[in-house]
Structures are given as structure tokens and as C-alpha cells.
Amino acid sequence: MEQVNIAVVGLGRMGKRHVHTLLYRVPRARVIAVCSATPEEVQWANNNQEYKEFGISVYDNYNDMLTHPKLAAVWISTSTDVHASQSLAAIERGLHVLCEKPLSTDLEEAQSVVDAAKKHPQLKVMAGFSRRFDASYRDAAVKIHDGKAIGDPFVVRSNTCDLLDNIGFFVRYASRNGGIFVDCAIHDIDLSLWYLGNPVPKACWAIGTLQHHPELKEFNDVDNAVGVVEFWGGKIAYFYCSRTQAHGHDVCTEITGTTGKVMVNVFPRANNVVLADRLGLRNEVQPEYWQRFEDAFATEANEFISSIVRNEPVPLPMETGIVVMRIGRALQEALCTGNVVRFDQNGNLAT
Amino acid sequence: MEQVNIAVVGLGRMGKRHVHTLLYRVPRARVIAVCSATPEEVQWANNNQEYKEFGISVYDNYNDMLTHPKLAAVWISTSTDVHASQSLAAIERGLHVLCEKPLSTDLEEAQSVVDAAKKHPQLKVMAGFSRRFDASYRDAAVKIHDGKAIGDPFVVRSNTCDLLDNIGFFVRYASRNGGIFVDCAIHDIDLSLWYLGNPVPKACWAIGTLQHHPELKEFNDVDNAVGVVEFWGGKIAYFYCSRTQAHGHDVCTEITGTTGKVMVNVFPRANNVVLADRLGLRNEVQPEYWQRFEDAFATEANEFISSIVRNEPVPLPMETGIVVMRIGRALQEALCTGNVVRFDQNGNLAT
Amino acid sequence: MEQVNIAVVGLGRMGKRHVHTLLYRVPRARVIAVCSATPEEVQWANNNQEYKEFGISVYDNYNDMLTHPKLAAVWISTSTDVHASQSLAAIERGLHVLCEKPLSTDLEEAQSVVDAAKKHPQLKVMAGFSRRFDASYRDAAVKIHDGKAIGDPFVVRSNTCDLLDNIGFFVRYASRNGGIFVDCAIHDIDLSLWYLGNPVPKACWAIGTLQHHPELKEFNDVDNAVGVVEFWGGKIAYFYCSRTQAHGHDVCTEITGTTGKVMVNVFPRANNVVLADRLGLRNEVQPEYWQRFEDAFATEANEFISSIVRNEPVPLPMETGIVVMRIGRALQEALCTGNVVRFDQNGNLAT
Amino acid sequence: MEQVNIAVVGLGRMGKRHVHTLLYRVPRARVIAVCSATPEEVQWANNNQEYKEFGISVYDNYNDMLTHPKLAAVWISTSTDVHASQSLAAIERGLHVLCEKPLSTDLEEAQSVVDAAKKHPQLKVMAGFSRRFDASYRDAAVKIHDGKAIGDPFVVRSNTCDLLDNIGFFVRYASRNGGIFVDCAIHDIDLSLWYLGNPVPKACWAIGTLQHHPELKEFNDVDNAVGVVEFWGGKIAYFYCSRTQAHGHDVCTEITGTTGKVMVNVFPRANNVVLADRLGLRNEVQPEYWQRFEDAFATEANEFISSIVRNEPVPLPMETGIVVMRIGRALQEALCTGNVVRFDQNGNLAT
């Protein structure tokens, strides 16, 4: 059986999980290398018995890893600030790329990756918007796009609410993630474009508050925010992002149309268990997006690998993320300035 | 406006609530008297400011109360052992009667009330199966009986599960209530007859266990029990009764038919509130059947009073309870003996 | 028993229901009159058998009705444009007033009623924000205000979404209702002030769309809108209002705090029934706010009447509605202009 | 990396899915062969492109397949009547065995496999009770067995309700599956033993009905049945099995204890999507147990393979199924005879 030799770069929480996904759920992929610039992560990988069993080489230098003679593809799961440069380097080496969102917090840099990918049409270069691979979000898309379930969709409400992080994990990366609307709402923005039929943004506004992480103030960021986007043609999307939920990872989306509404995960549940006791009836909630989207990551990885094996288009080309990022940055600007950010009919910032 | 002068006999937890229902939700009724044989209850009523405002007379003797010259109707909410005799006495005085279930734990005595009611057709004599007046149970009945929602109904599952009573309230009455299937399951049996189209019982079996109230052993009773009833014609009902729930009053019913299933209150909820916190998502549960069936009691009372005012048939004649009681007692017998209790095709106990 | 003689003015859908509530659920009130300026409604009332039984006089002229010698209180349930003038006239006649929201779409006029009420402290003059009397919203308030359930509340999301009105009922009144944020969101704004501890508005923005009722365009109104309000002190409220839902009356509120979230009616349910058939599992939804808030109206009416009988403060004084209206009108202005509307630290419009 | 060479025998609906699970989710297994005695299935497998890519050999004779020199393990997914003989043959060939439930409808035959497994302690011989590997059922077990969540468990209610099979698939196998309590309830019985701490059966009774499949009558079977089991020590389990659900595969379990209740999948949901339209709010339901238990099968397969690789005990030894089968057959006997079936204190049938 043909297998695609792949490496995972970045061995943070998600990088390790992507290795796991590739090992356990993607039979046509073969993980031959991993890489991290963080010494603790490199050491952890070197000591990992499972990695040894599966014959995975561990690198502490990305460019060195790219020279691995058998390498065919990389899954980039590092911090956002190096996504673009690592993608470009891989493309230049003739490697297929699956890059986690967002490609970059800088739109020009993001565009440069899109351009590089276009110059190498034989390479599969894909944006990692994992929710697009989730069974529930896909079911919602089928229901919406067949035009029968809810008529014409015109409002999307979407939340990305993380469990309060008491160990400071996310704050460490806060300076590099582009702000709450770029880091958190990016999936919600992407979903709203998907479900509303790629409308063009017209105006947006946002407000936020600091409730648990006052240290974000120095990055002009907040830990809870609400943003609203108006699109040309009478469509609306609005978002709530939070870093501080008590009950778990709570990601939901509602799409309202002219004859109905589709709700995705409005009541989050960790599993099918309900406990009845003196407090009433209750269910637990997934702690992180990993538990919520584990299957979506497996689908994403299989479809990426399959596009390589069969030489077919990737399910989500890189340019998908460009408009998303433009809106995310506009919301972040509105959040910082307090002003409405407006776009012309082509979706370019109005001057 | 014509008002029906009514008295409530029994001022236990439910008697007081029935007075409240009549005062606040039944404008065509006028509570002119209450009665209790319990001195504490009489004293409580005598001191009750609201009763004074509404001009309610308090009696400590039922027969005295019956001589009240303006009295037209009584709502009997005493313990089961006097339901029948109080109903008979009221009928003899020419009064309309709404008697709480069950009419009696003795089938002959119950029949004597039914017979007395038949002899006085001008009197409205009604069985208090309150769930028949609940909006959800009625909606289920409409869905089932129109034949479209679930096809032909053939299995009923029904639970009556009470919150654990740590103050010994129910145990005090346990010697008189006829046992768990007579006291608890009677509504469930009634519902199963209603939804299944009054099928005739063929056989039943039951088992039980003592988990919290070992003192019930002396009454040959249990605090949790499961019973199954087979009806002639291939229909089935099964019941779970419990005195010991931790989470509240949990009463649910499922009716399965050939093309669908109707579920009533399978997830009990005290109200529309859900709390999300570190334990997950939870809702509270009603503590008692009063909270669950408060509106049903108001509907029941209004329909009873309306049948008097308009001289129309009562919605639930007394005989409704006779077959219910026969099945309840058969289940109780199966529970005690461990044997299957069988009925002939007329629903009489097989010999 | 002392009864408060009350009249209901306005016999539209809600006026009739308020009469019903007073007749069936408020024993200390006595409806002695109703009034409507609409001939069809007057005729309907004159022919109403129940009104005759209860001895209710029917008026076609409000001022005539006010001269009824026994009248003590009025419940004003007319269209918004006459709320204030009718309230003022009643106050001048020395009558207690329960006036449906909003008091007026004109802030000065609304203030004049508040002022008049203050001049007559012996009169009970109350704002009809019915959701404040709903058991679930009250339970949420208790949970939030005790400070333990969710910590410090800082974000409120609240929706008022009506079933699509295909018979043109609401459009007929659209020219007088002040616009979607004044007519629909007013309860949501009120709830957000209640739950967030009466914060002062700082800025707001809103967008809307026309999906089913293009005729609203001439009133500068929309049939679906999203609005966001920032309060001084880092609190946020955001609203979605819709006139065009397919599934029913869907009113929900979520209050997020530092340690938890309270959700009210996020999954609307008409009752406790779930139907399982080839489409899956489903529950019906209440068609109108009447079904959702019937109990709340009864509580509201009883508390209003009780404040008269006991000469105690009304639960919701008229001034409650002033800040609410100010925010509602600012959202409506933002909707019309596309601009952010800002307030100073006293909650006055910034110039 | 060491991989266990495994074959799947039986290429019906589940056999194909087990191959898929092994290929996609069990990296330490290598499917080297499949086998079916059904010509259409053999042909299907021979034409299967994926099987070719993965290098899977296709056999039409089980004994031939067993001679494959590299084979280490077999997954037996044939019809129940050959489970035992195929297990015995594999054990004799020195192969590890994962055999789908039930081992046999004949208790002696089942015991012979258990005995053979004991004689070959180096072989991993495992019973395929897939629900034991489901995340929700495991979460329930953890909650129950730690003794804190619900106190002492004493009642289990468990359902296995299949979607109505209009194409006659299951009826074809009905003559060989041992009846509804052996084929359907076996998982429910197993769960009740697991959660109740392996109690010893004391008595059981069952009733059933034929609603859609009258042709089952010739096998003394029914398409809907309710069974109750009493255990020594005051514990109770009761089951509802159905072949005729309209809404999907509905498998739920409730475990009641002295201080709480755990509910598993009481509201079945296909995914996280809810559709709101004029019918109300609804979710779809999984059509088959495959969709419900896909992850459980992957966990089961990985744990079986891991027990081989690490030479550790299998998570579920064969004897687990013996008591389960004894109860299943007793319920089936009660169903056929209408009589209570009783056991002595050792769990042997009372004579």
C-alpha cells in the first residue's frame, strides 16, 4: 500500500495530537519525522516509546527536517508567527503542506503563501480549518445548501468559548496570536462565510472586556469579546469569543434562514451520559476543542492525504483563509479603536 | 356570576394546595368550608389570614361540614382509607364529589361508590386522576389517538418516582395506602389504559426492593418496584415506581406505536433555566408532583366546576378507577407472592 | 373579601388575554369594565357570554370608562402611541395603572408619566415588563444576584424572536411601535440591565435586514436585527430580534459571569412532549409569547393587585422603562444611520 | 513497528465494518485476510479496490484461511450458529480470537469455547461485548463504581431498540439468532451485570408482542419484548427490546442507585445538529448501532490487539458471556412459556 511520508512540525498540545491522529487514524500516511524548536518538546519526543516503535525521527531544526530525503508532506502546527515562513520553505522544497489556521496575522504574508502555492499547482497546500471537517458542521452545510431545510440563510451566530486557562498556557502565546478575533473567531468567521455563501463584508464593530486576564491589556487584547459583521446583500454574522468559560469548551453555531434555523452544538455535551442527583440533571462538557473535534481532525488528515495519493484538489485551498483573516483583523481593529470598520463592495477596507 | 360553593376535606399538603387552586384559579368556585380531623391542621386553618379574608369556615368534623346549608360540592383530599366513605356520605347529602385517587384499596368498597354515583345521575361524581388534565399528557393523547403520530400504540412505559422523603411523611401513611403499586403506579396504570385504548389485562408480574425504608417490610411493601402488565391483544405496559429518588419528582411516560413514539417528561425540568458551571450543564427538577402538576390541578378543578355549572358529564367518571385499581392490586399481589397474576378475557382474576 | 375593581383598555390579542388572566387567576381583582376604540372589538366584547356572566361593562370610549364610579385601576393594553396619554388620564382620575411596555416611543412623553406618578405617590403605577415576573427569569435572577452561581455577570445575550406573521398583524402596527429594537428588544434590554446590575450604557451599534416584510422599509425598520451595547465598566449586552422565525416564539437569554453561565429557554419547548418518528426526535415550540409567559402575566397581575390591596410599592416602578427606552432608541438610531451611538458616563447621549 | 496479522471472517454488514476499523483505526493490526462463505460477499471482496491496496487476501473457506502461515488472530463476525465452532478451530490453530457476541445460543457449546480458551492461556480469546468499550458506558461505569455518584446501584433499565428493518435483513437470520432476548438484550443484560456488580439471578419474566414481523411466530419469537430480572440481594434489571422503531437505533441505559441515577443515551442524537422549523425543534437519530458504536469498536479492536502485542490479559474474557447467555435464555423461555423462570442462589436454574 502506498503511504505518504509526512512530518509534523510543532509538538505543543496540538502537534502531539496531530501525530496521534496520523498514527492511529490515517493508514495511508506514515509519520517519519517530528520537529520542535522547544528543547523540552524535543526531549519529550526523543523519550517517547511510541514514536520509537513507529520509527519517527525527531528534529530540533525545521530546515534540517525538510532535507529528509523521503519526506513528502508537512503538517505545520507551530505558533502563528511562523506558519507562513514554514509553509513557504516547505513549498520551496516541493513538499505538500497542511498548515493550521491562521496562515499569518499579516495579510500580505498570508497572500505570499497563497501565491507560492499557486505557482506549484502539483503541490497540495491546504488550510487547516478543522471545523469544516466536523460531521455536525458538514451535516449543517448539507441541510443549508440544499436550500430546503432553512430556505435562504441570512444570519449566523457563532461562538468560540474556551475553558478558563488557569495555568497561563494561552497567555504565553497571546502576544503572537493576533488577538481574540484572529485567534478565536477565525473558525466562526470561516463558518459564516461557508454557510452564507461567501458574502462580501460591508461593515463590522466589536467590543470586549477583560475579566480574568488583565495582562492581555498590554497586547491591546481582551478575554471576552462580541463582534458583529454586516455583509453586502443583507446578511449578518455575529460572534462571541471567550477565554474564560467555567464549564468547558463551548463552541456553537446557529444559522437562521427564511424558513428555519440550524443549530450546531448549542448544548455542548462531553458524551451521552446524564447524571441525576440532588443538584438535578447534568451532563459534562468537553474541556478542549480536541475532545470536540478529534474526529474532524482525523477526517481532515485523511482527506489531505487522500488528495495527495489521488492527486486531487485539496478540500480547502489556502486562499480560503484570506477573506477570513481580513474580517478577523477588521474586528480586532474595531475592538481596539471603538469605531466601525467599513469595506467597499469588493470587500476591501474603505478609506 | 354563578359560583359553586365547595368545601375541601383534608388539609394535608395536597388539601391546602387544592384550596389554593380553588381560590386563585377557579373563579366559578367559591370555597366556603374546609375540614380536617387533624387538630394541628384545624388550628392552622383557623389561624390562616387568607382563609379569613375569603370567608372560609373551618370544620373538624366531616359530617358537621356536610350539613352546611349552602354547600354544593366537596373535594375529598384525605387519606385513602376514608375516600370511599366520605364520598358516599357526600353523595347521600346530594353533593357533587371530586375524590382524589384511589377511591379505595378495597375493590368492593370502590364499586359501592360507583354504584351510589350511578343512582344519583344528577350529581357530578368524579375521579381525581390529575394527570389526565395535564397539558403534556393531553397533547400526547391527541397525538396518539388521531392515529397519525405513532400509528397503533402497543407499549407504554411509565414511571412514578418520588423524591426521597427523609422526614418520614409518606411512611406514616404507608400502612393505609395499599402498597406502592396502588399508591404510586395508579396514575401510570390509568395512563396506560388511556393511551392503549382500554385494553383488558391478561397477566402481570412485579418485583421490588427495599433500599431506604426497611420499615415498609412490615406492610409487605417496598420502596422501589418494577411491574409488567400484559394485555389481551398484544399490548404491554410496564412501570417503575420509586420512593427514593435523589433528584426530584420524576414522572415520565413513553408510548411506543407502530410508527413512532411519544415521550412525556423523560427529562424532567423544574423550569427553563440551565446552569453552566464547572460541573457542566444542569437543570433542576421539580421536588414534588405539586410543582409538576399544578396547572393540571387547576384544569381539573375548572372542568369539574364547569360540569356542575353547565350540568354536563364529568370528564372522568368514578368507574375509570375500578380497572386501574384491579391492576394495581394484582401487581401488588404479584410483588408479595412472586407469582404471575392472571386475568381472564373479561379482565377478571383467573382462578 | 376586598376586591380591586379594574378595567382593561385595549381588546386586541393581549387585552383579551389580560381580561382572562384577571378573571381566572387574580381573585382579588374584579374586572368591571373593558374598553376598545375598535368597533369590531367592542362588538366582540358585547357579544361575549363570559363577559356577561362576570358582569363586565363594555366601553368604546376610554374617557367615558374612566368615569365609572367604582373603578380603582386600569390595565392599559392598547397600542404604544396612546400608552402615555391613557396613563396620564388615569392618574389624573386617581386610578392605579398597570401599563404595557413601552410607555412611549418618545422619551419626554414617557418621562411625563413617570413625573405624574411621582406626584401621586398614593397611586400604584407600574411598568408591564412581564418577563420580570416569569419563574425562570426570576430563578435566573436569584442565581445571579446571590453571587455564587456565576460569579460576576458581564455578558448578556438575549433574543426576542417571533413566529413569522403571515396575516400581517404586526405590520399593521409597525408604523407606531417605534421600530424593532423598541418593540421587540425592549424586554431583552430590560433583562440585561436587571442581570448586569443596572450598568450605564457607553456605546451601541446595530444592523438589520429585511427578509419577509419589505413593506417595513418605509418605516425605516427591518424584520431581523442584531444590536450590541457596551456599558461603562466592561459589561456587554447583545441582542437578536426577529419577526420571521419558522418554529415559534423563541425568546432566550444567556448571562455569562466570571464563574458560570445561566441559560434561560435556550431550547424552547411548548410542553414536556417529545415525538420520535422517522424524522428523529422533536418537540414543538410555543407559537406566541402568550403561551410562553401566561404564568408570568398572572404573577404580574397578582402582584400589582396585591400592591394596591396592601398599599405596598409596586414591584416595577414606571421609571424602570426610561433607561431601557433610551437604549432601545439608540439601537434603533444606530440601525438607521449605520453609526455607533455613544453615551457619556451618566448614560446621556454624547454630543 | 510490530503489527499483528489478523483476519476477519464474515463479510456481512458488520464484518466489512470491522475490516474498516482495523485498517483505519488500529495501526498495530494488519489485515491480511478476509473470509466469507457467501459467494456474493467473496465476489464483493475480490473486487474491492481498497482491499487490494492494503494487500488483503480473500478466502471463501474458513479452514483454508486458518492455514495462512502468517496469521496470528481472527475476528469472528459470522452468524451466531458458527461462532463457537469457528472460535474452537482458531484456538486449535493457535490463533488469538475476538468473537462477536453471543458465543453460542447453546450454553454447553459456549462453555466448550471457554474451556478451550482456558487450556490455551497464551492465546488471547475475547468476547465482543462492544458496549463495554463505549466512552459513555465507561464513563457511567467510572461514576457508578467509585461509589460516589449514585451510591449503591440497584436498578438497571436498558433498551435495545432497532430501526424497523423493511428489507427483511434481520428476519433472514431470525431462525439462528436465539430469539429477541438472546440477540438483542444480551448487551443490556451484560451492562446490568457490569453496573450492578455481577449479581446472581433469582427470577425472571418476560412478555412480547408481534407488531411488524408476524413471520417470527414460527420461531417462537416476537418483535417487541419486555423482560424483568430479579437478582438475589434486592437488585433489579428490566429490558425493552424492539425490532420496529421508527426513529432509529435507540439504545439507552439508566442505572439507579441509592443517591442518584446515571442515564446513558436516553435521548439519542445522530450528531450535534438541531433543526428548527415549522415542526418545532428536532434532531436526527443514528440509524444503526454502527453509527452509535463506531468508536467503541475501534477501542475494542485496539485493546484486543494491544493485549496480544503486550501479552496482557484481554479486557473481556470469554466467560463473561456465559452468565449473560444464561439470563438471556431464561428470559426467552419466560417469553415462550408465560411462566416465571427461577434460579437458585448459585444462579443455576431452579428445578
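Worth pointing out:
Going by the order they are written in, the chains are A, B, C and D; count residues from 1 in each one.
Here is the rule we go by: a contact is a pair of C-beta atoms (placed from the backbone, for glycine too) under 8 Å apart; a residue touches a chain by one contact, two chains touch by 3 or more.
Small disclaimer: the values here were computed from a predicted structure and weren't measured.
Between A-D and A-B, more C-beta contact pairs join the chains of A-D. Farthest from chain A in terms of Cα centroid separation is B.
Rounded to a whole number, the gap between the C-alpha centres of chain A and chain C is 42 angstrom. With centres set at the average Cα position, the gap from chain A to chain D is 38 Å.
Centroids built from CA atoms put chain B at 56 Å from chain A.
Counting partners per residue, chain B has 150, 245-247, 259-261, 266-267, 270, 274, 276-278, 281 as the residues that reach two or more other chains. The residues of chain D lying in touch with chain C in their complex are 245-248, 250, 267-270, 274, 276-285. Interface of chain A with chain C (complex): residues 150, 152, 154-155, 157, 203, 205, 207-212, 224, 226, 228, 230, 234-236, 238, 240, 242, 244-247, 256, 258-261, 266-267, 338-340. Against chain D, the residues of chain A that register as touching in their complex are 1-2, 23-27, 53-55, 135-136, 139-140, 143, 149-150, 259-266, 270-278, 281, 302.
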